[in-house]
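In what comes next, subunit A is part of two complexes: it sits with subunit B in the first one and with subunit C in the second one.
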Partner chain A sequence: MQDKKPDINGLASSARNGVAMDNRIRSSRSFTDEEFERYSRQMIVPGMGKEGQLRLINSRLLIVGAGGLGCPAAQYIAGAGVGTIGIVDGDVVELSNLHRQVGHATSRIGMKKVDSLITHLRGLNPLPTYVPHDSHIDPQNAADIISQYDVVVDCTDNPATRYLISDVCVLLCKPLVSAASVQKSGQLIVLNCPPTPQGLLDRKYAPCYRCCFKKPPPAGAMLSCGEAGIMGPVVGMMGVAQAGEAIKIIASALHLPPSDPDSAPERNLQQPTLLLCSYDLESAVGPYTFRALKMASRKKTCFACGENSTLTLDGIKAGNPNYEQFCGLAATHSNLPPEERITAAAYHAARSRGELPEHVLLDTREKEHFSFGKIDGAVNVPFGKLLMTAAAVKRGGASTDQILGSAELQPLPEDAPIFVVCRRGLDSQEAVEKLKELGMGNGGKRKIMDIVGGMKAWKEEVDHSFPFI
Partner chain B sequence: MASTTDTPVETLALDITVDFSGGLEMLFSDQKRHSLSIPAIDNHGQPSTIAFLIDYLCKNTMKDPRAELFVLDEHIRPGILVLINDADWELEGEETYEIQAGDNILFVSTLHGARYYLLGFTPTYPEGKEVASGGIQTTVQDTAQA
Partner chain C sequence: MTSHPPAAAAQSGSSGKFTILYFASAGSYTGKQMETLPAPLPLSKLFATLEARYEGIGAAVLDHSLVTVNLTYVEMPSGNDESEDAAAAVIIQDGDEVAIIPPVSSG
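Take a look at the complex of A and B:
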């Protein structure tokens, strides 16, 4: 597609010059009849025009993640006629994706997400060139993939990848449209736009991801082992908004270096804005559903784009920085001794053989999860509530009897064991620790045990028809 | 002694609204908006700042015991943005900003995606299968992908 000049001035500048040249060469090209018809309604929008449309057709855009953000973003980007659209994702389509990942289809479950989404996009607009990258983006491949594009849209789902993409975009001088959505909230921000070389600080330049979110939240203080869940329309709105921002960037040539940097020193150095969407299931659109928050510009001390930054593409490839460590993703293992753990299968077997004494089966999932199904006789005390009661016990404001909530369990023989189960086996371990800490083991008379792997293991090992959610 | 007509400065209050978003509301009775009347002057006789407010919220407003999800080492924990009247607190002096009557202070947990995160924290999966996720080898099972 692009006739790039040999890499003489370093990756970043050559990529930018290549794009600029490419656009200058092609801007004289006229539309085909189909393009003219297909894009007519958007070309007549003031500010877009023929120039804007040609820039879209001549540009190359990368969507990282073909999920809840990537699907809606890709639809509008393809519809608008961006000439080359790259999509990165290593996953396959699953049934539980479809309530929000609307670029896939029931008939394509099991297909690679990149292929499924491209199938959908070709149906919508066959004109763009679609480029599948069917593995996850990682420190080894990120620069090679991103360097082929003009603008990057981050539709990923984890912090380590977000920091990686932002760092590479800083080094390659690519504008980045970043969004995230969890449960009922969404966030969106345009970063590094217009793209500015690393270390430049003479003006209020646009921030990168690290300028706005210097450190990821600390690891190990998780709230719940249950999945947060996600509302389709919330993540959908964020994805569509990303497409909108990407189209603006390209149509107004903000992804290209200014032809004369001094003539337009403040070119679009607008107040960086973080759009926040906060969705409330119990009320209509209110004054705080959408908030536009003013963010600070590029930081002098930024690890990636600031003064004296030591971040390089070679460093990233060589594992420096270590994104996994930075985001605390290294897995930790249980501190519980083996005698305090029992597999779901072993629990079920012992129980059906009548080998278990009278006991309590404590299920610490959220009540929404519990409502879809439980092991017979299980008592639901959501993890958060359990922690809260435990804290109250410590302060002397509650008794240990209240921990298990349900009155019908009282009085419990002091040697009656407690088995704790959660969704996937993390909260349950912490709950066992908590109960022991509160002396509920009655000096060793009562066993408190964790069911390894939670209800997910129960479904896999015991009851395949269990409605695990 | 009680004859003064001036309101003692200690009793002056500032009426403000404090919002929580991005999941942080779960630590504050699941309530996103709190209308509060906070002391205008802190214990040292200084005008109340954001630092004072954070401490005040922990002591008076937060019902959840997990204060570490909100503060770490007496500062707001990494991953939470503080917005003063919709502007990043870095533009306003961060913790030293002196709160004015009518201010809106928003605490929002930054979102990075559903995988691994609820309220911005990282669960770890002891028994999961190894999968490549964004090049990050970790153990993870069925997750919601953003």
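Take a look at the complex of A and C:
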């Protein structure tokens, strides 16, 4: 399907004969009255002009993800008049999306996100052609979808998909505008722009996602918006900034191969930047900050775009690399023996029968989650704080008592069991391991138990009205 | 190596400190958004210094994060990259601003 190293000269000449000719014909086209009026305020901006607007109208752009980033990005991309806008998403609109996913509506809850967002975009601008792709992007369909477009905007929500999209963009020579956001911070970076064939290293070229983030964080460390929360304006700013970058790329012809006479060679070697945004919610007077970080160019050793890369489109389709495994999504197994685990239902039953001795119930969720509801008597020690105290204990800077948080618990009989519960049952297992490691099991006198499945299981098995969040 | 410009944000005078910023999961792990640490410090000792302060931060955060000094990406001197030698020579100076930037994935 695709040679390992595309011949840049072949690529160049086909671009020259095809795209360039095409562009000459297209750029002689005049605007309709509606286009002229609709785009007038943006066309008179220095650097845009008639040429820039025609490039937008003649281009095809793909937005992957119709959520917190995709909605604001799509609004401005549609408004600017990009001719063909593809949107990929397999989800449906949910109530908990609406505080940030501004392209959907309360009246469209339950509708496919692609259809809901396109409905909204048509209201803003009916002129572009909107193409819905109503399933999630995956290794099987990624190349087929991405190959239909000139520029890709990554608005997805998980690491496996981010690596997949970046890899396919490298192989298909597509610029990628990538952003991400969680809680109170966001990141934006333009990758593989101007697009450069895989393996080319004769000068400085733009990096791909793997050049910047060589390996993903451990599966448990990666927070999703559903788990960690997200502020609407933060993800919104990042999405809007993505639209700005995409419009800039197309209007200045940076998406065209460097060989194309219509491309912008003087901009080709600009050092890429990573835009970082973060804002402080804990302190009302704390500033929010934007930082533009200078990034390095393409890495010689990069797995995807580097010198000896073996990455191919056929390989990706066949499951090589395995993105899920690379990002550790399959790893949700427990290392704890069964006798150190108890289901939420069994814990509740034993407790209500009065069979449990005096014990500590440690809830390792964040205090915001804890504030909405807890099991009676639970003590809140957020997981991060627990790990830090554990580290301090190891250094000799704290006592094991301090791990259990509040002082009124002390002294605890040395055989009083500790039960640990978290949100969904992963952190609690690690917490049990940590406590055992610190010798808090008192040589087997004390049981340290994980409540399987966390508060989610508590809601499902014990208290259906529990405000799980 | 002091080719990077001095950080405008960090006006710590000549107190022998650099500022370190913890973004996203680095902030959750350390429980703070920033702090100051003693300078000068060779870049090659940065991760070990942080590991000593926040046990486990290496595997949980640093291994997959990118690092900047004064708003410029620096290669950490631990991989097999070509810039290894240059990276090994970088010294974090008094008044520098270092940032730990883990990837964020949600959207």
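Of note:
The working rule: the second predicted complex is superposed on the first by the 399 of 469 C-alpha atoms of A that agree within 3 Å, B and C clash if a C-alpha of one lies under 4 Å from a C-alpha of the other, contacts with A are read in each partner's own complex, and residues count from 1 in each chain.
We take it that contacts are C-beta pairs under 8 Å (C-beta built on N, C-alpha and C of every residue); 3 or more make two chains touch, one makes a residue touch a chain.
This is a predicted model, so every value here is computed, not measured.
Upon superposition of the two complexes on subunit A, a steric clash is found between subunit B and subunit C. In the superposition on chain A, A:P159 makes contact with both subunit B and subunit C.
After overlaying the two complexes on the shared chain, residue contacts for A:G67 are found with subunit B and with subunit C alike. When the two structures are aligned on the shared chain, A:T301 is found in touch with subunit C, with no touch to subunit B. In the superposition on chain A, no contact is made by A:P195 with either subunit B or subunit C. In the superposition on chain A, A:L426 contacts subunit B only, with no contact to subunit C.
For subunit A, the partner touching the most residues, choosing from subunit B and subunit C, is B. In the superposition on chain A, contact is made by A:M388 with both subunit B and subunit C.
By the touch criterion defined above, A:G83 lies against neither subunit B nor subunit C after alignment on the C-alpha atoms of chain A.
Of the two partner chains placed around the shared chain by superposition, neither subunit B nor subunit C is touched by A:P175.
When the shared chain is aligned, subunit B comes close enough to touch A:A457, but subunit C does not. Note: residues 65, 67-69, 155-159, 162, 180-183, 185-187, 213-218, 221-225, 228, 230, 235, 274, 276, 278, 280, 291-296, 384, 387-388, 390-391 of subunit A belong to the subunit B contact set and to the subunit C contact set alike, using the contact criterion stated above. Put simply, subunit A touches subunit B in their complex at residues 65, 67-69, 90-91, 96-97, 101, 135-142, 155-162, 164, 180-183, 185-187, 213-230, 235, 274, 276, 278, 280, 288, 291-296, 323-324, 327-334, 384, 387-388, 390-392, 424-426, 429, 452-453, 456-457.
Residues of subunit C that touch subunit A in their complex: 23-25, 27-31, 33, 54-56, 59-61, 63-64, 66, 68, 71-73, 75, 79-83, 99, 101-107.
Interface residues of subunit B facing subunit A in the complex, by the touch rule stated above, are 19, 21-23, 26, 32-33, 63-66, 68-69, 72, 77-81, 83, 86-88, 90-91, 106, 108-128, 132-139, 141-146.
Across the interface of their complex, subunit C is touched by residues 65, 67-70, 155-159, 162, 179-183, 185-187, 212-218, 221-225, 228, 230, 235, 238-239, 274, 276, 278, 280, 291-296, 299-301, 384-385, 387-388, 390-391, 394-395 of subunit A.
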